[in-house]
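Okay, so chain A shows up in both of these, paired with chain B first and chain C after.
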Partner chain A sequence: MGAIVDLVLGVVTSIGGFVEVGSISTAAQAGSEFGYQLIWAIAIATAMLALLTEMSGRLAAVSRRTVAAAVRERFGIHFQLVPLTAELVIDTLLITAEIGGAAIAIKLLTNVGFEWWLAPLALLTWLLLWLSGFAVIEYGLGLLGLVTLAFVISAWQLHPDVSDIGRSFLPTTPHHHYTRYAFLAVSIVGATISPYLLNFFSSGAIEEKLTESELWVNTTTAYMGMCFGGVVSMGVLVTSAMVLQPRHILVDSYEQAALMFVPVFGHYAIPLFAAALGIGCFGAAVELTVNIGYTFSQVFNWTWGANKPRRDCARFVTAFTFVLLMALGVALMGFDPLRLTMLSVALTVVIMPIVVLPFLVLMNDKKYVKDHTSGVIANGVLAALTIVGGILAVVVVPLEMFGG
Partner chain B sequence: MGPVIAPDERMGEPWCAIIAALLCVLTTACNRLDHELQQHREKFESLAASAEFIGDAWLSGSTSGTYTATALSQTFLLVEKERARLASTPDALIDRRGAELSDSAEALARTIASLLDDVRGVDAPAVRQRLAAVPFAPPKRYGRNR
Partner chain C sequence: MDLVRDLLDKKVVDRHGRDMGRVDRLILESGEHSAPRVVAFQIGPDALAARVAPWCGRLASGLQRLFKVDEGRPVRIELADVLSIDADVKVDVAFGETATATIERALRRWVGSLPFSS
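Moving on to the complex of A and B:
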């Protein structure tokens, strides 16, 4: 019975926690510029994420180690410093973008500049991490995040052509703006598969004491939760394609993106969009911040745990506090939240090979996963997509950012 | 001994190559300018359409004055940023199409500023009037109830 409750809660919160600033921005831009044409990118990214989260849960359940701890043990600290530094940079940018997204959500409702909300939101993030345990972080925010289902309802209410959507699951060449198309495809992948999720899920499995006999719960949660989550992301893209594209509105700000709800939700459109954006971003900011604490503690062998008294894991608290302050510092220097988000998610794909490939090696090492090694297809598909995505990102990110 | 080439033919080859290269450079430069102007135009059209949608939503009672003011302010800022980007390319401003684009963009910025003022003053007839003449916007109207 307990396993069933865990399963339902896991699936529901995965759906609620799926959409955040990156997925909303990338899917809204993709829909407004290319219609349904980039749905395939969401589908591929979701499938990759489902495979990776299932693997990270499996690694934790079988080896009793998180991804960061296992990589450090298998490859040594000198190797680990590379992905650790890359993750630190990207996660700091992502925390800034997520706090910025939540601040914009409040701005939509109050007309008070988003800069004023950055410090209070960072403080709220820290207080939540200081005062609550893993259940509140994972399940509480995940359940609140179910408000993002509004994107699916809105897409449904707009009666899209199902055969058009179906055809978009196969990649096609755009008629215009090739670089932009490739950049958005890369960004969608980066927004969906944040490397922090690998360690966050494995740390969550340790926090929740997932055992080898409960691997089926892990597998079902990963596949069902992520696939339904992907549907929410597709809801953003379809709504944007049906509302903004016919009006020739390109999404350059969250204020424009919020308009996508107006035809379906009328008077509730903006509050609903603000709630979806705000909760999604705040939830992701909290997860990213605690994950930094997890990662540093696991790499340097410090005591860690969101359920432990804070005095027993002072270095864990110091690590996430320090990174949260760094993110706030970046935010207060002044930034364009949408541009920073797009840059961070695209750069995520650049660093993905150095995070994913060592992880795949671990998932084929019987010392860690015993007989639960990954299959040839999963290994091949993930390795190939990660490398292709990384190469594509190295080419299109500079072209998009600096013109070309 | 190789084939004998007439002196004028020998001279012709490098000149042809230079002219072809120059033509290539000029064509690329023109294409680049065309591409840049097209990108600016698309951006202004998108911002004009956004201003129109925001105004329409306010008139139909779908959005609050607070959101409308926020969204119009942001749209105004984006128009100004795009105008600055256009102005930072001297070639674009010298070009007739670029100069026209710049004039229309200035008119768009003024219209959005006026819309913002009208929304703050809750002046629906004035907003309706301004929305009828938003530069760059396609000539179509949606239902308005306010």
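Moving on to the complex of A and C:
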């Protein structure tokens, strides 16, 4: 019974926690500029994310090691310095972008400049992490995040042509702006496969004491949760394609993205968009912040855990507090949240091969996963992802310059 | 035993199962006519940083001195004190009795002074 409850909670909160600043902005821009044409990018990225999160959970359940800990042990500090440094930089920028997204959501509701909400939101993030256990962080915010289903309801109510959407699951070349199209496709992949999610998922498996006998819960949660989450992202894209594209509205700010709800939700459009954006971004900011604490604690083997009294894991608390303060510092220097999001997403793509490659080794090492090694198909997909990730890492910077 | 695979970077836990850090650097000794052998390992950011590059080690040591948490660090654990080497390296010392706890203890004074920390 407990496993069933965990499964349902896991799937539901994965849906609620899927959409955040990166996925909303990339999907909204893709829809407004290319209609349904980039749905395939969301579908492929979501499938890859599901595969990687399942592996993260399996690794944690069998080896009692999170991804960060296993990479340190298996590859050593010289290798790990690269993803660790990259993750520190990207997560700091992403926390800034997520807090910025949540601040804009409040601005939409109050008309008070978003800059005024940055420090209170950072404080609220810290207070939540200080006062709550893992269940509140993961399930509480995930359940609140179900408000993002408004994107799916909106897309449904707009009665899109299902056959057009179906055809968009196969990649096609655009009729215009090839580099912009390629940039958005790569950005969708970067926004979806966030490296922090993988360590957060494996840390969650340890926090929740997931065992080898419950691997089916992990597999079902990863695939169902992520795939339904991908549907929410597609809801953003479809709504944007049906509302913003015909009116030639380009998403160059979140305020413009909010207009996509007007035809379906009328007077409630702005508050509902603000709630979806705000909760999605705030939830991601909390997860990103705690994940920094997890990652550093696991790499150096300090005591860690969102369920532990904070005084018993002082270095864990200090690590996430320090990074949150750095993110707030970046935010207070003045920034455009949408541009910062797109920059963070592009940087995520740059480090993708370094994030994916260790899975190929770890998931075939019986010292870590015993008899639960990956099969031929999973290995093939992972190898392909590593190669494609390497190519994307090379092309993303020129694409950002010419198509971003 | 493959020292890099089976010992270096492994988790170190004390006799009570408490996390102490990782095997950050191995200490080898060699006699005139004998092959080098591992006699101890070190735990600590300065030992780890020195492995990455000598200047990183000096920087880490300098920072530890600056914050007055350098006494007894890096911590040296003799191989004779190792109880087992399995998934983790279990040692016959207590976390709180070694300088591995220095930074945790220093930060706890700050963290523990805040409301609801326990």
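Quick notes on this one:
Keep this in mind: the second predicted complex is superposed on the first by the 394 of 404 C-alpha atoms of A that agree within 3 Å, B and C clash if a C-alpha of one lies under 4 Å from a C-alpha of the other, contacts with A are read in each partner's own complex, and residues count from 1 in each chain.
Convention: a residue touches a chain if its C-beta (ideal position, glycine included) is under 8 Å from a C-beta of that chain, and two chains touch if they have at least 3 such contacts.
Not measured: the values here are computed from a predicted model.
Residue contacts after overlaying the shared chain place A:R58 against neither chain B nor chain C.
Once the two complexes are laid over each other on the shared chain, residue contacts for A:E73 go to chain C alone; chain B is not touched. By the touch criterion defined above, A:W302 reaches chain C but does not reach chain B. Of the two partner chains placed around the shared chain by superposition, chain C is the only one that A:L131 touches, whereas chain B remains out of contact. Of the two partner chains placed by superposition, only chain B is touched by A:A269; chain C is not. In the superposition on chain A, A:L81 contacts chain C only, with no contact to chain B. Of the two partner chains, chain C is the only one that A:R315 touches; chain B does not reach it. The part of chain C that touches chain A in the complex is made up of residues 4, 8-12, 18-22, 24, 45, 48, 51-52, 87, 103-104, 107-108, 110-112, 114, 116-118.
On the side of chain A, the complex with chain B involves touching residues 107-111, 247-250, 252-253, 255-256, 258-259, 262, 266-267, 269-270. In the complex of the two chains, the chain A residues touching chain C come out as 63-64, 69, 72-73, 76-78, 81, 130-131, 300-303, 309-312, 314-315, 317-318.
Taken together, the chain B residues at the contact with chain A in this complex read 42-43, 45-47, 49-50, 52-54, 57, 61-64, 66-67, 69-71, 74-75, 78, 138.
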